[in-house]
Amino acid sequence: MPDGFSAGDTAFVFISAALVMVMTPGLAFFYGGMVRVKSTLNMLAMSFISLAIVSVLWVLYGYSLAFGPDAGAGLIGNLDFLGMRGIDLNALTGSIPVTAFAAFQLMFAIITPALISGAIADRARFASWSLFVALWASVVYFPVAHWVFFFDGGQGGWLGDRNGVIDFAGGTAVHINAGAAGLALALVLGRRVGFRKDPMRPHSLPLVMLGSGLLWFGWFGFNAGSALAANGVAGMAFVNTQVATAAAMLGWLAYERLRHGAFTTLGAASGAVAGLVAITPACGSVSPLGAIAVGLIAGVACAAAIGLKYRLGLDDSLDVVGVHLVGGVIGSLLVGLFATGHVGQSAAGLFYGGGFGQLGRQVLGVAAVLAYSFVLSWLLGTAIQKTIGFRVAEDVEVSGIDQAEHAESAYDFSALGAGLARTAPAPAAVAAATAEKTEVDAR
Amino acid sequence: MPDGFSAGDTAFVFISAALVMVMTPGLAFFYGGMVRVKSTLNMLAMSFISLAIVSVLWVLYGYSLAFGPDAGAGLIGNLDFLGMRGIDLNALTGSIPVTAFAAFQLMFAIITPALISGAIADRARFASWSLFVALWASVVYFPVAHWVFFFDGGQGGWLGDRNGVIDFAGGTAVHINAGAAGLALALVLGRRVGFRKDPMRPHSLPLVMLGSGLLWFGWFGFNAGSALAANGVAGMAFVNTQVATAAAMLGWLAYERLRHGAFTTLGAASGAVAGLVAITPACGSVSPLGAIAVGLIAGVACAAAIGLKYRLGLDDSLDVVGVHLVGGVIGSLLVGLFATGHVGQSAAGLFYGGGFGQLGRQVLGVAAVLAYSFVLSWLLGTAIQKTIGFRVAEDVEVSGIDQAEHAESAYDFSALGAGLARTAPAPAAVAAATAEKTEVDAR
Amino acid sequence: MPDGFSAGDTAFVFISAALVMVMTPGLAFFYGGMVRVKSTLNMLAMSFISLAIVSVLWVLYGYSLAFGPDAGAGLIGNLDFLGMRGIDLNALTGSIPVTAFAAFQLMFAIITPALISGAIADRARFASWSLFVALWASVVYFPVAHWVFFFDGGQGGWLGDRNGVIDFAGGTAVHINAGAAGLALALVLGRRVGFRKDPMRPHSLPLVMLGSGLLWFGWFGFNAGSALAANGVAGMAFVNTQVATAAAMLGWLAYERLRHGAFTTLGAASGAVAGLVAITPACGSVSPLGAIAVGLIAGVACAAAIGLKYRLGLDDSLDVVGVHLVGGVIGSLLVGLFATGHVGQSAAGLFYGGGFGQLGRQVLGVAAVLAYSFVLSWLLGTAIQKTIGFRVAEDVEVSGIDQAEHAESAYDFSALGAGLARTAPAPAAVAAATAEKTEVDAR
Amino acid sequence: MKLITAVIKPHRLDEVKDALQAFGVHGLTVTEASGYGRQRGHTEVYRGAEYTVDLVPKLRVEILVEDEDAEQLIEVVVKAARTGKIGDGKVWSVPVETAVRVRTGERGPDAL
Amino acid sequence: MKLITAVIKPHRLDEVKDALQAFGVHGLTVTEASGYGRQRGHTEVYRGAEYTVDLVPKLRVEILVEDEDAEQLIEVVVKAARTGKIGDGKVWSVPVETAVRVRTGERGPDAL
Amino acid sequence: MKLITAVIKPHRLDEVKDALQAFGVHGLTVTEASGYGRQRGHTEVYRGAEYTVDLVPKLRVEILVEDEDAEQLIEVVVKAARTGKIGDGKVWSVPVETAVRVRTGERGPDAL
């Protein structure tokens, strides 16, 4: 391998990529456990399909649009790496192979659209959702990743590299981006039948907890891995990720106890995710005590925010806005307050003598990504709704989207498997012929 | 540590070994969710027991048979490392400690027999299965691993080292090997009661999705880890693994949509596994675009293949043949077409100007492993069936193998736990004595 | 980074820390699957809350008490690192950043209290448990970690550094510590309503198997990671961990088969955990054959031990004593017999010509931690019970602790979600206003 | 006394409960059930095997009432459960010889 | 009208459904049940605690029929559910006073 | 013959089974049910949405008995199921016209 290469850093980024990959199934379980049993599979499938679609697009053109040499003004990459051609096996990004970097970044591109799906639980046609994922990744995620994550000595993305917006691991590019898109789609698709009236309690909280556990686990790859090296910055990001998550869980639980009288496990899981979201942009620039502050604030604020949807009549079904948009905005802005100036980045925040400069830059980053994602997502969603249709029919929603869209049932615990009859594809003739040969069923 | 040692490579292989380890529980869930509720535990146990049995055999003699110095003709290792004696703490295999290599390879030896169990779901006596695992690992897996994975400068295994069969991570040694054994055992044990007649739908698709998620996650260790170094080859293997899996999922879903009218989540999971299988031998020699092709082909072909079992009357219950044998053969042969010659291996395939040479070598590898495994597995299975018996009684199958073989029920969700009564081992006298002391149960 | 830094070792420890982190959710599932459905969430929450509480305490003062410079006699660290101040980004512990070491050790501090919760399943008030975790971590875990894990050239902890007690990864500090505390709390809280009379079978064995799979997976980080370097010692620890776990599973299953006539999956999972516990202190000093012996002994002994609770009338509900205390003691003492003297540590055990010296030191370690933990835990538990109360009311226990303590139900698989009615927080006025705007529900 | 049994669509339970409450009946017992009838089921696909699922989820509601209320109660339940689509279910009544409240041993109308 | 209730082995449902269909009855309601009787249960073991499980999974099938069909229908169901082994279950009938189709309000035989 | 139906608290099943056994009845059929009545439910909270759960888990036990045993059996069941707290449930009986043992086709008392 060429000079500057580090096997240690490479090992770290490979495993971090695997960890980020497992977050998407984790998200599927987190979301899937929260819906009613009749739409479990649809919820899982909406995440899993992102693994399939975005991976292929990434190799075809996504990596090039996001991390190809800037095509102008820091807005998008050019087409040099179409099909990932021309990427030498031993070429490096920093101290790691380009392939390692590309794999790591791909996992971010996968989970971001998957996050959106929580806003439209129980009611989105699967084919339409799949189309949305492909379009959204292409016209929203790939460019925004370029804006935020592509560094090229001041010639990279306009937000991160050119304007000094700090987003260590994706508070803007991932969470605000997905949150704003979730808001747009929740508006486009409208409220579920029975929203605010029917009981819609989670069908499996253990599944939710499994999801939150895998998300937390994978998030170390997401955040610490974003250092792209196994070094002290990654170490600080690691510690900050853990402690902010912990503090956010405590914050959410405390809020819930005061407001609703109980410490719920769903609250614990939700608080943890809120903390993970909020520390994502900040983990490379705050101290561990700062991380506790970020976590606590995010835990309480997101717990308060999710209640609003019932007042506003917005059916953001699994709180993509309340957790990812709100948490992402909080974390991104708090960088402007809590950045110490001597962790990963040198810019200091307001509380560390850095003045209002960084806070202003953070506002820019938040506003730009939020606005771009909301508008584009609304346009894409509306276009799909008006053409092929995005929302399922009402009776499908009532009887359960899993049956209509996936021709499956999530569970069959009965001693019964009741009322099933094999219909195909064992052709009648064949079946008859072999039935004779079958041992008598002497049950 | 001695010269040539790399801490980065070692870290990578350690974690890769852990990732491959978690594939076996992952497989247990993948399989376990697919069976009816009454045989869930048996399905899980068949995978977990492989972790126990093969690990002990590996230390006792397996490692030595597979990776000990060749005992002649590249067929098997000698007994130099019985009990793993004589392995110095700091001895190296390449740039990593021998122990790291041994641990990594052990995980392959564990999952391969576990894969077979899907072919005989719902009907295998657990003790007989355990015996089969021990015998099969000893006389099939350990030698075949030597053939394929033991490199010693042309003095190693006859397929990989001596004849240039390319199998980066186990398309032949793992998947064809397990698939052929599954075929043999499905024939030996015969069809389940009610095959092709009774409904046998999966009892928990979320469990299947969890399994597929863990498999996918762990497979990065399996494939990229097989580079045994954190380098550019591993990076290419990593990217190829991801994109082939993605493409296979799309291929399977498309096939299913056309043939059966629905995008199922089980199809998504199955497609992903088919892609992972097919890219396994090829991930170190194709380009990312080649990997998309391999994945697409495997996804469609395996989706088509699984339907055949109903026509042929072969109760390969969870499609070990349709997915692992077919997928493994496809991936292994496609190396002969798509190998670029400048990723991990220097031999180029037909489409990259390498002529038919490599394709021929691949055919040799496929045929040798398939035939050896099928014949030996059939002999072992038949021997067990004729002596201690392999298949449970019909009424056990009908009422559920979990009760008879494991004396357990997988779930108890009722408010009831109905009809249970403690019988033991609290001895009557003791129970009586302490019952008095117990607080009155004032429910 | 400064001299002596190793990116490879750092990558290894980062990922190991993530692996140990995922053990706590793993434990939550392991325990959660074993209880009845009505206390599932409480069981999960008792583990998850440890992630929250201990992480925050660790940053505030825990790291300093455990790994700050010794405050005297090897009993506790001083307060130099309060709030983790003064820890330079690039400061090293061995060859890795201090932050990496701190993050790794934090995960041990989290899982240890979580382990205790199994002893008091179904009956502990959540707020009281949370308080117990905070206190216990502060006055038991942090000091004991200092005793065992803090090395400073003979000026470190009194057990490990000053008296040569060998505990590679936490047989005393983690397992005996938690096991003794579990014993104390089981005595303080008393037996469950219906203990030894009512059926209390596990509500989801797949959840238990998931937990055991994640524990096994994460334990590679726990044990091999404790080498704090990706080297040959870690490699031996890795192999030993795998094979001891395997042997213990076989031992437990064999015992169960002889005693109860069945190979159960719960027995397989329990045996694996017993093996993991027992090899924890020993994995850095025994040979692979020694590890098989340690595992077998632990598997059989723990399987025998868990039966005792019914005879003794001790409701150690999920066998924290039978598995963690017994397994930890066995593993710690067997170091005195099986330590080879040339794996990770130079002291040899009785069977390897080292005489009784090391065995004596191991007895010291076991006795000190066991006694300290038992006494302090009993005092803390009793204090909580006498003040704010530790145990829930009997009718809460009967109707299910999840409802009363968490206001949730773990599952809702019915087509029904029966009998739920939204009551809040959609305020009546708002609801009425928007109800009119809602599409007519034409189901 | 009579026992009224109603097999209804699951999402009508709330309406039925409310209607009973309004009518002055404050108790009922529900079980989950699967119904087979005119309402068609659906097809499921698992790895190429197609199944027809012809049992549809229903709830089975039982209500004990005094003889004189029975007829009216049937009307109330039928009305509350109705959606007008196929599969709305059946309601039937059966004579009860005696009914007891377990807690008190009270019999007949007092048991309700 | 009569209500025929059959407690049967789960795997006989298909046969019962087919037999009813052949007989001309096109509706039924099924609930999952557990039965206790002559058929022995089994023993389970969890970490050294042995339990006797003496409830066996059954299905409970309810069929409303016109009076004149009742006797014959009972025969049909009994025959379809029979395996000849212990635990095959019971079938009983109860008089129904009135039956209503929820969708239409039709009564009596028309409700079926 | 009579069909005795008892809706009871789940944790009383064991006592009821034992009492029946002692009384000489060796069969019964149980289904899981949810009851609504005087016994209050509880409140659940999911991300800020509060739900009142007013259905309480119950078991529904059915026992076929000969006419002459019915009255006494009701007493036995009521006594075994009683805890004295609200929500103990109801027991009622219904006349059965005929009962058949599926395995043998035996009718009436012989079917039990």
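In order of appearance the chains are A, B, C, D, E and F, and numbering begins at 1 in each one.
Definition applied: a residue touches a chain if its C-beta (ideal position, glycine included) is under 8 Å from a C-beta of that chain, and two chains touch if they have at least 3 such contacts.
Composition by chain, UniProt nomenclature: A, B, C = Ammonium transporter; D, E, F = Nitrogen regulatory protein P-II.
All of these numbers come straight from a predicted model, not from anything done at the bench.
Superposition of subunit D on subunit F using C-alpha atoms only gives a rotation of 120 degrees, nearest 5. Interface note: subunit D and subunit E, two copies of one sequence, contact each other through mostly non-matching residue numbers (shared numbers fall below half of all numbers used). Distance from the subunit C (Ammonium transporter) centre to the subunit E centre is 49 Å, each centre being the mean of its Cα atoms.
Distance between subunit A (Ammonium transporter) and subunit B (Ammonium transporter), defined via averaged C-alpha coordinates, is recorded as 30 Å. Work out the mean CA point of subunit C (Ammonium transporter) and of subunit F, and you get 43 Å between them. Counting only residues that touch two or more partner chains, subunit A (Ammonium transporter) has 6-9, 11-12, 15, 198-202, 204, 210, 214, 260-262, 264, 266, 307, 310, 398, 407-409, 411, 413-415, 418-422, 425-426, 442-443. Subunit E has residues 11, 14, 17, 30-32, 34, 36, 44-46, 48-51, 55, 83, 94-95 in contact with two or more other chains. Contact residues on subunit D toward subunit B (Ammonium transporter) in their complex (touch as defined above): 44-51. On the subunit B (Ammonium transporter) side of its complex with subunit D, the touching residues are 199-202, 256, 259-262, 264, 266-267, 270, 303, 306-307, 310, 319. Taken together, the subunit E residues at the contact with subunit F in this complex read 2, 6-8, 31-38, 55, 58, 60, 70-71, 74, 78, 81-95.
Contact residues of subunit F toward subunit C (Ammonium transporter) in the complex are 11, 34, 36, 41-46, 48-55.
Across the complex, subunit B (Ammonium transporter) meets subunit A (Ammonium transporter) through its residues 6-9, 11-12, 15, 19, 36-38, 191, 193-206, 209-210, 212-214, 216-217, 220-221, 224, 229-236, 238-239, 242-243, 245-247, 249-250, 253, 260-266, 268-269, 271-272, 287-289, 291-292, 307, 310-311, 313, 342-343, 394-395, 398, 411, 413.
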